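Look at the two complexes coming up: chain A is in both, with chain B in one and chain C in the other.
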Partner chain A sequence: MKQSLKNSQSMPSRPWLQRLHIKGWASFLIFLLLFKGSAQICDIQLSTFFQNLGQFFELIKKMLHPQWSYLAVVVAPISETIKMAIVGTTIGTLVAVPFCLLAARNIAINRFISSIVRFFLNIVRTIPDLMLAALFVAIVGIGSFAGVLTLAVFSFGMISKLFYEAVETIDPGPLEALQAAGANKIQMIVFAVLPQIFNNFISYFLYTLEINVRSSTVLGYLGAGGIGVYLQRSLDSFNYSQTAIIILAILVVVLIIDGLSNYLREKLL
Partner chain B sequence: MTEKPLISIKNISKIYANGTVGLKNVSLNIPAGQFVVIVGLSGAGKSTLLRTINRMHSVTQGDILIDGHSIIHYKNKQLRQLRRSIGMIFQDFNLIKRSTVQRNVLAGRVGYYPTWKSVCNLFSAADKQKAYQALQQVGMGEKLYSRADALSGGQQQRVAIARTLMQDPKIILADEPIASLDPMTTQTVMKDLKQLNRQLNITVVVNLHSVPIAQQFADRIVGLRAGELIYDKLIDQVNSEDFQTIYQSSSSSTDMENAS
Partner chain C sequence: MKQKNSKHLSAVFFWLLVIVLIYWWSFQSLDFTGVKSSAGQVLNAMIHGLIHPDWQYVYDGSGEDLLSLILQTLAIAFLGTFSSAVLSLPFAFWAARGPHERHRHLRSTTGKFVIILIRTFPEIVLAIMFIKAVGPGSFAGVLAVSIHSIGMLGKLFSEALENMDYRASEALISVGANQPQTLVMATLPTILPEFLSYTLYQFEIAVRSASILGMVGAGGIGTPLLFAIQTRSWQRMGIILIGIIIMVTLIDLLSGTLRKRLV
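The block that comes next holds the complex of A and B.
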């Protein structure tokens, strides 16, 4: 009784390490030092940036006069880019689904297998997409097929990580219920896992599609087809009025995908 | 029938991987058709005991017989068939919230289907009818096509009961089925369980916190304290003072001494 009275009068005190938030401040300080060191190594000089800012406005000025007639030329390659992105992302996603189920710790058959699958996925993600494009151009030749293969592998690496992390956040309750009802692993996945993550899958798919539309512009440089070929051509010939049209076209596509993604998420949720 | 119990738990002990003792030398025979309520403090081992019966938890020592067959070494298909014959009800209902009530109830039937058929949603017309009847049995027939997350807690628990009915269970295990419900829905859910017990002769084992509810519905009350079975009486021999011993663990009694 005495003890509890005493406790109610004076608040329990914390050790000074906790009271002064030493860990938090120390982490912040270390981060600041790392930031400063990194900036020095990267040779960051803001003065150079501002001295030559005129160059930037020069370029913007040229781009502010888009050559609208070029739009007709751009339509075919941009639709090719979209098709490449859709096919590539779809293939990558379909392959990613079984892999993400093997990699997710909460439903994996065992930890050893999931570790191996994760290691493999890390390797896939490490390969730069430019290298993939070069590789596939060498295998199947210049054209959009090489682009599709590149995007498929890239999407596979990205989607499988996003997917297995989503799978790991599901509510384990329904899984337990299905297991207790005598369901096997595949039945548990179809009935208890997929309904919980379907929306995440859709929005990650659309997000990857958007990234692929943008990154396929770069792939064009390597001859992997799509709008990138035209972007490269206009930049190489300093024809910024055409570049502007291409960037605008890509923006429109990205906006449409984003709108679609938002719409579907609201509908499905 | 009384001399050969449906569930026969023989001297089981459970020690978790981290060294925590879940159950200490527990023995319990449950005849078919009995409505057994297990009471005890949180952490007394009620959930562990319940989950050893359908092998959601394995035991460290001892044996469990169901219908005279030892189940502790069951694997794969045999284990799934055992679980199929034992329904389970959870505190948090464990429905698939984004699926319809119908799909949730049919999920209780997957143990009777080959994988490809259930995955392709090829449930037979008879089973769809059965799902509707199971829902009607718990008064939820008109919610067949609602989404599970549109239902209240009590309704969700009744859907969960309908799901276990799809298993054609011999036994229903209910782990704190009313802990997330208000007093009104508590009565409905407990009455549903009691009705299944009486009408379909399903053996029911329920974990509860509430002694009054236990006394209202049980045929027999079993008490656990710190992993040990310390109390076991048929309902007509139970008197209220008995519960003092169950709800007085060694640690809480020292707390009370300190406080006074």
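The block that comes next holds the complex of A and C.
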């Protein structure tokens, strides 16, 4: 800022790199090349899309005539989905707490351990949820237990990161006070860390639950229980009027859970 | 004071009761008995496969190997996200509340609702619908990503618009610029870095989802991944998993550094 004020007395001459916006144009060119290359790799032919647009709208038309009687069938699996999300998120959270304490730099035992834990958590977070679902279905078999395990691992990765970041932002005062009074690590965590971040923890838990309800609706597609099983069934039998009902049900549930969780989180913070 | 305390206590009890009831409901009828007896064996085989990945699969020049499929996954995410960034613009302007508009504004509220609808629509279903239209392959994946990302980008963009710095547009309006001029010369330059940053962030998310869209046949690494899991070729699964982890980590790093330079 000061620099530009000083320069304003005599107009600065910009180097040609800046005058011709070389950097901007170069990035734009690179972007265009990447775009073109990607289109080639993906074999994009817009014409096929427009040719088959009729078929697409046929599908949409079928979806716009939902089979309302199917609603009664959907209630049980969708409540199973919510249950899966609640249990999975809870298990994930319980496992995440010790890990986040190990990963948080301000209370961890040493930097080496916290780096290893962080590395591990980063890897867990990169695994896509549907892949976890496929793996757990292969291990424990088809059913909601595979879904619960998937959501547990998924929320473990997410919550531990949110938690350790929250732990790292706490006020160090109470920690130091307890340490000065001769408290051990467990006592410090219970009396100095927990009271400061308890509300954050609950809020992050609700946020993760929100995301898990969203993702649990499709886990069943690979056999991991819940509404996704019915989603797959209706799609495979081309029964789009049932698909429409399922999607509507998912929508309503997600909206309600989102609303509830948002309301609670606003009250907490 | 005493009354306040007892009120507080009853609130605590109320919430405890609610929580206990919710958990009692959740654990009911949730079936934990169906665990296959072979679970331990499968897990062992899986871990063995992860430790001894199938290195031959990384590159064999056939175009069906790990590297080319990962490249395809990235291409799907890239095309999908950046097309979606353009598609999201009208939605963002639709949903954003202007600085002087009321809290409940018809245009903005409907826009926000439409964006939520798009975000909630399962991406897998979108992919299947587009497969019906353009056939299985990465094009369907690109379309699914580009439509689904509107749900996230539209929300982020409209929030950026709501919180943007209006000084540049006010200056232009005060010297008599019309609306298109204000949009092109003031609003877009102000907001562009933020939009780009959000698009890169969405790209990170899209890479993750593009890697599983193949599970329903929409191109990318997901197809061989599901195949490997279903045929229990754990060595193949191991190398694909390693590939996905490295890809996602690298993209996160790259996009993170780019975003830091932008904003």
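General remarks:
The rule is simple: the second predicted complex is superposed on the first by the 201 of 269 C-alpha atoms of A that agree within 3 Å, B and C clash if a C-alpha of one lies under 4 Å from a C-alpha of the other, contacts with A are read in each partner's own complex, and residues count from 1 in each chain.
The criterion applied here is as follows: a contact is a pair of C-beta atoms (placed from the backbone, for glycine too) under 8 Å apart; a residue touches a chain by one contact, two chains touch by 3 or more.
Nothing here was measured: the structure is a model prediction, and the numbers come from that model.
Contacts of A:P195 after superposition: chain B is touched, whereas chain C is not reached. Contacts of A:E80 after superposition on the shared chain: chain C is touched, whereas chain B is not. In the superposed pair of complexes, A:G24 makes contact with neither chain B nor chain C.
By the document's definition of touching, of the two partners only chain C reaches A:P128; chain B does not. Of the two partners chain B and chain C, it is C that touches the larger number of chain A residues. Of the two partner chains, chain B is the only one touched by A:Q179; chain C is not. Residue contacts after overlaying the shared chain place A:L53 against chain C, while chain B stays out of touching range. Touch criterion not met for A:P98: it reaches neither chain B nor chain C.
The residues of chain C lying in touch with chain A in their complex are 22-23, 25-32, 34-36, 39, 42-43, 46, 71-72, 74-76, 78-79, 82, 116-117, 120-125, 128-130, 132-135, 137-139, 141-143, 208-209, 211-212, 215-216, 219, 222, 225-226, 229-230, 232, 237, 241, 244-245, 248-249, 252. On chain A, the positions that touch chain B within their shared complex are 1, 3-4, 171, 173-174, 176-184, 186-187, 190-192, 195-196, 198. Within the complex formed with chain A, the chain B residues making contact are 54, 56, 80-88, 90, 92-99, 103, 107-108, 110-111, 115, 118-119, 160, 163-164, 167, 258-260.
The touching residues of chain A, when paired with chain C in their complex, are 31, 34-35, 37-39, 41-45, 48-49, 52-53, 55-56, 59-60, 80, 82-84, 86-87, 90, 122-123, 126-131, 134-135, 138-145, 148, 214, 217-218, 221-222, 231, 235, 243, 247, 250-251, 254-255.
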